[in-house]
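Here subunit A shows up in two complexes: once beside subunit B, once beside subunit C.
This part shows the complex of A and B:
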């Protein structure tokens, strides 16, 4: 009973958080409304006894939103990120798309003949998850992670119009006449 | 959780608050000694400050995001309590999470959001700079911390804190995982914005995230900061110091005693090291500390592999 109530409260929180993302008029509020929504989903995953995936979802989403807020403010170009602003654009088409996707997904839930559960969950779900990801799929993970990382770096380089790459091209290892790297380390200190 | 534990859980925030007050007092006494003032005045500082802030009227700048601001000032202490909730006291624990170690990590990332929101909500440039400083510092300490947290987990072969604690029956993890412990302790200092890692609250930006805070909000943040230190120190006990193990006294008392010893260390750290700028910290953390931590993990993994379990 308490479990059911808690589950429904979390569901409501997740949906309300999702709606709030588009209703509020500030970047920070939109970001953290999304964070609340994700944390509620993470808590629901914990309630399904998938502790590791649930807690890691909460962890990753909080971290992601904290960093995302910074990037949104940084790359917003003009300065509305710090001012009240509308969080929606292209409204009519977005609404049509959203309704369509919702109808398709909801219909799928109802009409797909879901298979019955075969077998039973492992004793230690975290361990079996680790085996599943790191055992036979290790090669895939090892390939995907550098590609993902390279994509992030490349996207940042392309998105940043006044970055070092734009100013100096790809000869970042060249040296000045004084023997120092040219361009200089933008942040002197640390290890020099 | 039995019914008894359900009642006892109410005591957790109280215990955290008491330990935070003790820590704040100890810090005040040390400050008083440095300044040549009477030790008694230093001891009373946190209580006077509490009384003052409770009476002080809240002030808010126009355009402040009060909702996010208030949530974040209340949240820091709550994050600390949520960490303490999973710390085992001997064989007893309030929340026996199978992934207790990851839970600690998740709550520490919650602090990222809270410190930044504290800076954001005030609608003041200095506060916002403080919030950004915390995030860039967080990027530096979080990766080493995540690796350091896996060391006890590998040693015990489990993310459950009770198992991590029992794996130290013979040798405490701090003995063969010193690097992991040091990184963990440094990260506690960092996510509490304490000592060398307090640039988010730096005097050079007139207090940073603390600048515009007043009244009860300021009390919650300054108190919450000590609570976060308490939670971090408390968490090091099951991870590195054998949990409630110890002669004569009951396990719960040992946990508190060991926590206080680690806290004493954290108070000392504040007086030993100069403030480190977050941009400099990032380079040091990623180029030196991450490889060292990975080396520590390799040593732990080899020991566990050869020995067939913890030492």
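This part shows the complex of A and C:
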């Protein structure tokens, strides 16, 4: 009974929070609404006995929302909590498409004859996950690691305010009269 | 709490996220929509795992989804930074150079 009530409360919070993100008229409120939605989904994942993944989701999303708020203030150049705005396009077609996708997914969920449960959960699910990623499923982690590393490098290269093309233009081997690299830096020096 | 109910919630989250990703003009808001969609996928994956085949290996798939979420966020912020720097704007409509 308590599980059912908790599930419906979390469902309401998750979906209402998600809708509120695109309904409220300030970005700060949208961020908080999304955080509420994420925490509710994380709690639902914990209810599915995925304690580790659920807690990680909640922690990760709360931090992400904090970072997102900083980016919004930075890019919008205003106090986003006080600035109502409506920055949308294709609103009607987006609603139609979203409703259509939900109807198709819901029809599939209802009409697919889902198979019966096979296998049984381990006694300690978190430990079994650790054993899996350090044992038979280590390749998954070995793949994710370079992807995350490549993401760090790609994000840094993109966000770098003064890359080599900004410093040298199209001629990356530009040299001065003495044969030294001749970048277009506001302050000379550095590693060249 | 049944498989059908959890999957329906996940589908609702996915649909709401899709609306946001399609309708919003600000890059960060588009990212919020994509985050909601991935969150729906994560919830659906958790439900399928628990109700259909709760073996230890299935959890690793959810870790991959979480990693995809992280990569999306990091690259989204980096692209938002580039667009803002070059266009002095954080709107998707100001970066339509490849629009056919």
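Definition applied: the second predicted complex is superposed on the first by the 129 of 192 C-alpha atoms of A that agree within 3 Å, B and C clash if a C-alpha of one lies under 4 Å from a C-alpha of the other, contacts with A are read in each partner's own complex, and residues count from 1 in each chain.
The criterion applied here is as follows: a contact is a pair of C-beta atoms (placed from the backbone, for glycine too) under 8 Å apart; a residue touches a chain by one contact, two chains touch by 3 or more.
This is a predicted model, so every value here is computed, not measured.
Comparing subunit B with subunit C, the partner in contact with more residues of subunit A is C.
Of the two partner chains, subunit C is the only one touched by A:14; subunit B is not.
In the superposed model, A:35 makes contact with subunit B only, not with subunit C.
Contacts of A:26 after superposition on the shared chain: subunit B is touched, whereas subunit C is not.
Once chain A of one complex is fitted onto chain A of the other, the partner contacts of A:56 extend to both subunit B and subunit C.
Looking at the shared chain after the overlay, A:120 reaches subunit C, while subunit B stays out of its contact range.
In the superposed pair of complexes, A:67 makes contact with subunit B and with subunit C alike. Put simply, subunit A uses residues 52, 56, 67 to touch subunit B in one complex and subunit C in the other. Subunit C meets subunit A in the complex at residues 1, 3-9, 11-20, 22-29, 31-33, 35-36, 39, 42-43, 46-47, 49-57, 59-60, 62-64, 66-67, 69-71, 73-75, 77-82, 84-85, 90-91, 93. Within the complex formed with subunit A, the subunit B residues making contact are 65, 67-68, 97-99, 102-103, 105-106, 109-110, 112-113, 116-117, 120-121, 132, 135, 138, 142, 159, 277, 279-284, 287-288. On subunit A, the positions that touch subunit B within their shared complex are 26, 28-29, 32, 35, 51-52, 55-56, 58-59, 62-63, 65-67, 69-70, 124, 126, 187, 189-191. Within the complex formed with subunit C, the residues of subunit A that make contact are 3-4, 7, 11, 14-15, 18-19, 21-22, 27, 30-31, 34, 37-38, 41, 44-45, 47-50, 52-54, 56-57, 60-61, 64, 67-68, 71-72, 75-76, 87-91, 93-95, 97-99, 101-102, 105-106, 109-110, 114-115, 117-122, 125, 128-129, 131-133, 136-137, 140-141, 144, 147-148, 151-152, 154-156, 158-159, 161.
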